[in-house]
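In the two complexes that follow, chain A is the common piece, with chain B as its partner first and chain C second.
Showing the complex of A and B:
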C-alpha cells in the first residue's frame, strides 16, 4: 500500500515537473531530450526483455522499430500528403487503401476518425501488432539455434527488414530511399511519450515478477533445468520475442511521429547498437537499468555535441587530467588490492608522466591562437559509445544496476539483512540443541563434508 | 564415418537442392537469347575475382572463430584499414626523409615488437637481422619514390596485421573466458569504433583509389562480335589469392606454430597443458587473418576503384556468410564458401537482372538459411552442443 502511494506520488511529482518544464521558457531542448529518453526507453526496455531476461542476444531490434515506424507513417499520412506520392513511387493502391481514416469511416466510426489522437493510438497499436507478427518469425530460429549464431540470425533478419523498403517492388509502398515525410501525430508532445513509458513500465514490471517473467529468467539461467521444471521453451521464447517486438514497434511509431519522417537510415543497425549500449550500461536484465542507461546514452547523444568540436586547449587539459588521475587510481588500486609497498609501476609512471607533460604544454601554450582553434571531430560521440560498451564488457559486465530493480524498500524500507525480533526468536530456537534435535546431525554432516 | 556422413539426410537434401539450382540455371541460360560465350567468360572472370576476395576475408573470420569461438565483427573494418593503409602508402610517398624516419621508427618499432612476440624471435642474431630488414626496408620504400601497388600491398599487409594484433590485445584479450555473447558485443563495439575512427581520421568522403598501374589498364578482347572487358586485376586477384593460400597452407601444416594453431583450435585447454602459448597463437591468428584481409582490401580497392570508411560492412558480412557456408572453423571450407558466394552473386545478378536490387538481401537470406538448416556448413565439423 505504502509503495503504491509512493509510486503514485512520484509519478505525480514527475508530471508536475514536466508541466513546469512545458510552461517555462527556453526548455525546448531539454523537453525534446526527455521525449527521446522516453521513446528510446520503451525500445530499450523491450530489448531488455530478450537480451536481459530471456538471455538471448538479439541484434534485430532496428527491424522491429522500422516496421513500427513505417506502419504508423503509412496509416497516419494525411490525404494532402499522399497526393505528391503519385509523382514519386507510392502506388495508387497503397495511396488509396492504406489509410486509417478511410478504414474508420468505413466502419462507421466517424468520431474516432475525426480525432487525430484516437487515430494515433490505433495506428500505434496496429504498428505494434505488425512488429509483433514479425517478432514471431524472427523468434522462431531461437528454437533451433543458440548463442552467437542466433545473434547473427536476428541481425540478418533486422538487416533484411532494413534493406527491403529500398527494393523496387516494395518501394511502391515505402517510397524507397526517400522515405515518408510529413507524418502527423502527437509524439512530439512530451505527454504522449511520458504516458506510453508509464504504461510500458507498469506492464514490464508486472511481467517480470509474473510466472512468465520467472519462466523467462529460468530459461536464461538454464534451459534444460527450466524445461525439466515444466517451462514450455518454445512458447516462452516466441512469447518474449512477440512482446518485445510489439513494444519495439510502438516505440518505432512514436519515434517516426516525433521526427515526422521515416526512412531506412533512421532505423539502421546503429539503433540496435545504441540500445545495446544503453541496456549493457544499465545492467542486462534490469528494467530500471535499461531506463537509466537510456537516459545516460541519450544525454551523451543530445548534449555531447561539444565533444565533436573541441579545441586543443581543453583536449589537453582533459586528457592530461584524465591520464594523471588514471595513473593515481591504478597505483592506489594495485597497492590496496595486492598490499604492495609503495612502488611506482613503470606503466603508471608513463601514464602520469604523459598526462603531466600534456598539462604543462597546454598551460604553456594556452595563449597561442592554434590552441584556441576549434577542430571538427565528427563521430566522436559514436566512438565514445563504442568505447563505453567495450569498457563495460571488460570491467563491469553486469552494468550499473546488475539485475536489481528499483524498489521503495531499497531506499526507505526496513533493511532485510537486519533480522526482526521474530526471526531472532526463531534463530534462537534453531540454535538451541535441546529444542532442535536435528542440530547435532547437521553439525556432524558439516564436519565430515 | 565418412560413409555415414555422405549418406546423411541433410547432405542428400542439400545435394538435391544444388542439383535443382543447376538445372534451373541451365534452363535460364538457355532461355536468355543474348547470353553469349563472351558473357560466360566475362561472368566467370568477375565471379572468380570476387570469390577470391571473399575467400581471403572469410579465412580471417574462420580462423578466429576456430581458435577462440568469436565472430570477429570488426574484421570488415580491418579490411577497410588495409585498403586505406595502401592508399596512403601509394599517394603520400615519397615522403621527406625526416618524416619518413619518424614513420619508420614508430611503424617499424611496432611491427618489430609484434613480430618478435608472434614468431619467437628472441634470439639476438635473428632480431638484429629482422630489425635491419624492417627499418631499412620501410625507410627505403617510403623515402625515394612513389610506391606501386606491390609495395603498397606489402606495406599495408604488414601494418594491418599489426593493427589486427593490437585490436585483439586491446579489446578481446581482457575478455578471455567471458561468455561468447559478451565477446560478440565487444566485437560489434570495436567494429563501430573503427568505422567512426575511419570517418574521423580518413574523412567520411569516398576517395578514388586510382592505382595507375597496368592492373587497371583495359585489355579488352573479342570473342566473335562481343567484347570481354578485361583488366590485369582480374588475373592478379586469383593468382595472389592462390599464392597466399599456398603459403598459409604451408604455414599451418608444416611449421611448429601452425601445429600449435591446429592444436589450439582443437582444444585450447589441452594445448595449453602441452606447452602451447595460447595467447601467442591467438595473436598470431589475428595477425594472419588481418594480413589476408588487407590483401583483399587493397585488391578490392584496385578492382572497384574507390574506398570509404564504411566499405568493410557488406564485404565483411558476405565473407562471414561465405565462412558459414563452408563450415566456420574450416580453412578449405572458407575458400570454397568464398568462391561459391562470389559465383552465386555474379551469376544471380547476371542471369536475373531484375534481382540485382536484392543482392545484399540475398546474402543475408543465404546466411540465415545456412545457419538455420546446416549450421556446420558444407565441410565443417558438427557443432551440436552437448549438455
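Showing the complex of A and C:
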C-alpha cells in the first residue's frame, strides 16, 4: 500500500515536471530527448523480454519495429498525403483501401474516425498485432535452435523484413525505397509517449512478477530444468516473442509518427544494436535497467554534441590530461574500495604518466600557434558511449541494475532477504547443537549458509 | 496396478548399450533404490522415464498409461518429477521462485489474466505460495524465513539439495525420482535427509525411486533394491539379500582371479 502510494506520487511528480517543461520556453531540445527516451525505452523494454528475461539472443527487433512503423504510417496517412502517391509506386488499391479512416467510417464508427487521437491508438494497436504475428514466425526457430545459430536466424529474419518494403511486389503497398511521408505527428506530443511508456512499464512489471514471468526466467536459468519442472518451452518462447514483437511494433509506430516519415533506413540493424547496447548497459533482465540504459544512450547522443564542436587544440590536450589523471585516480579508488593490494598497480602508472605529460605539454606550449589552432573531432559521441560500455563491462558486467528491479523495498525496506537480528539468532539456535540441546542428535550445517 | 512399470527397456548411445532389457515395477507407496557402479546407467534410466531420452525399445507405463514418447514437461504433468545428479536449480532466482515455477503448469489463468491480476489469478498465486511453504516445511524452518527470498546461489550445498527436492515435490507429482539426494552432504546431513525421504512417503504420500551410492542410506529406507551393471539389471530384492548376492559383489569389487 505504501509502495503503491509512493509510485503514484512519483508518477504524479514526473507528470508535473513534464507539464512545466511543456509550458516553459526553450526546452524543446529536452522534450524531444525525453520523447526519444520514451519511445526507445518501450523498444528496449520489449527487447529485454526476449534477451534478458527469456535469455535468448534475438537480433531481429528492428524488423518488428519496422512493421509497426509501416502499418501505422499506412493506416494513419491522411487523404491529402495519399494523393501524390499516384505518380509514385503506391498502388491505387493500397491508397484507397489501407486507410483506417475508411475502415472506421465503413463500420459506422464516425465518432472514432473524427478523432485523430482515437485513430492513432487503434492504428498503434493494429501495428502491434501485425508485428506480433511476425513475432510468432520469427520465434518459431527458437524451438529448435540455440545461441549463436538462433541469433543469426533472427538477424536474418529482421533484415528480410526490413528490406521487404523495397521489393517490387511489395512496393505497391509501401511506396518502395521512397518511404512514406506526411504521417500525422501525434507522437511528437510528449504526453503520448509518456503515457505509452507508463502503460508498458505497468504491463511488463506485472508480467515479470507473475507466474509467466517466472517461467520465462526459469527458461533463462536452465532450459532443461524448466522443462523437467513442467514448463512448456515451445509455448512460453513463442509467447515471449509475440508479446515482445507487439510492443516493438507499437514503439515503431510511435517513432514513425514522431518522425512523420518512415522508410527502410529508419529501422536498420543499428536500431537493434543500439537497443542491445542500452539493455546491456542497464542490466539484462531488468526493466528498470532497460529504461535507464536507453536514457544514458539517448542523452549521450543528443547532448554529446559539444564533444564534436570545433575547439582550440589545447582544449583537447587538457581534456586528455584530465581524462588520464581521472582514470588513474579512479582505478586506484576502485582497488581501494575493493581492498586490493597494491592500491596502485604498476600498469596504472601509465595513465598517470601520460596524464602528467599531457598536462605539462599543455602548459609549456600553451602560447604556440599549433596549440591555439582550431580542431574538431567527429565521432566523439560514439567514443564516449564505447568508453562507458567498456567501463561497465570491466567494473559491473551485469549492467547498472543487474537483474534487479527498482523497488521501494530496495530503498527504504523492509528487505525480506536480509535476516533480522531475531531471525539470525533463531537460525543460529536451530543450527547449532550446543545452543539447542534438543537438536543435539542431528544438527545441520546452516551456520555457514 | 503398479504405479510405474518399465517393460524391457533398451537404450543405446552409438555403440554403447547404456540400458538393455531392464524391467521394473514400482508400486504406490514404495521406496525403491537403484544402485550400481559408476556408469551403470542409473541416471540414464531416470532420463528415459522422464522423457529426456526416448527408449529404443520397450514401454514405460505410468498409472496404466504409456508415457514413452512424451516430452519432459508432459511427463511432469502426468505426475513424475525428478531431481538432478548435478543440481539444476534456477540459480539466480529466489528459493521461493524456484518452488513456484514447477507449479506454473497447473495455473489455469492465461497470461493476460496474470498481467491483469484477476481475482482467480490472485487466488491461484496465493495457493501456489501456500504449497511452496508446505513443501519447504519438510526440511524444517531453515528455508522458510529470510532464505525464502534469497537467491539460490547464496545457499549452502545441502540447502540447494533440499531446495531441489522441494521443487520436485511442488510439481504436484506422485512419483519422485531422486538422483543421489545425499551427494555432497556430510554424515549428519545424510542422516537427516534419510529421515526426510521417509517422511516424503509417510506424510507426503509420495512414491520414491532413488539412485544412491551411500549404502547405509539405501539399506535404511529402501523397501526394494535394484542393481544395475553395464545397463543390465543383475539383481532385485531386499537390501540384505541383494548386497550378499555374489553377482552384485562381483559388479562392485570385480572378480577374484583364480
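For this structure, a couple of remarks:
As a working rule, the second predicted complex is superposed on the first by the 345 of 449 C-alpha atoms of A that agree within 3 Å, B and C clash if a C-alpha of one lies under 4 Å from a C-alpha of the other, contacts with A are read in each partner's own complex, and residues count from 1 in each chain.
As a convention for this text, a residue touches a chain if its C-beta (ideal position, glycine included) is under 8 Å from a C-beta of that chain, and two chains touch if they have at least 3 such contacts.
Here the structure is a predicted model, which means the values were calculated and not measured.
In the superposed pair of complexes, A:224 makes contact with chain B and with chain C alike. When both complexes are overlaid on chain A, the residue A:106 reaches neither chain B nor chain C.
In the superposed pair of complexes, A:232 makes contact with chain C only, with no contact to chain B. Of the two partner chains placed by the overlay, only chain B lies in contact with A:378; chain C stays clear of it. Of the two partner chains placed by superposition, only chain B is touched by A:152; chain C is not. In the superposition on chain A, contact is made by A:270 with chain B only, not with chain C. Judged by the touch definition given at the top, the superposed model places A:164 against chain B, while chain C stays out of reach. Contacts of A:403 after superposition on the shared chain: chain C is touched, whereas chain B is not.
Touched by chain B in one complex and by chain C in the other are residues 224 of chain A.
The touching residues of chain B, counted against chain A in their complex, run 69, 71, 171, 174-175, 178, 180-186, 188-190, 192-193, 196-197, 199-200, 204, 317, 320, 357-358, 360-361, 364-365, 367-368, 371-372, 375, 385, 387.
By the touch criterion given at the top, residues 50, 52, 71-73, 76-77, 81-82, 84, 88-94, 97, 100-107, 109, 111, 114-117, 121, 124-125, 128, 140-142, 145-151, 154-156, 158-159, 167-168, 171, 186, 188-189, 191-192, 195 of chain C touch chain A in their complex. For chain A in complex with chain B, the residues that touch the partner chain are 57, 59, 141, 144-149, 151-153, 156-157, 159-160, 163-164, 166-168, 224, 270, 273, 276-277, 280, 377-380, 382-383, 385-387, 389-390, 393-394, 397. Listing the residues of chain A that touch chain C in their complex gives 203, 206-207, 210-212, 214-215, 217-218, 221-222, 224-233, 239, 243, 403, 416-420, 423, 426-427, 430-431, 442-446, 448-449.
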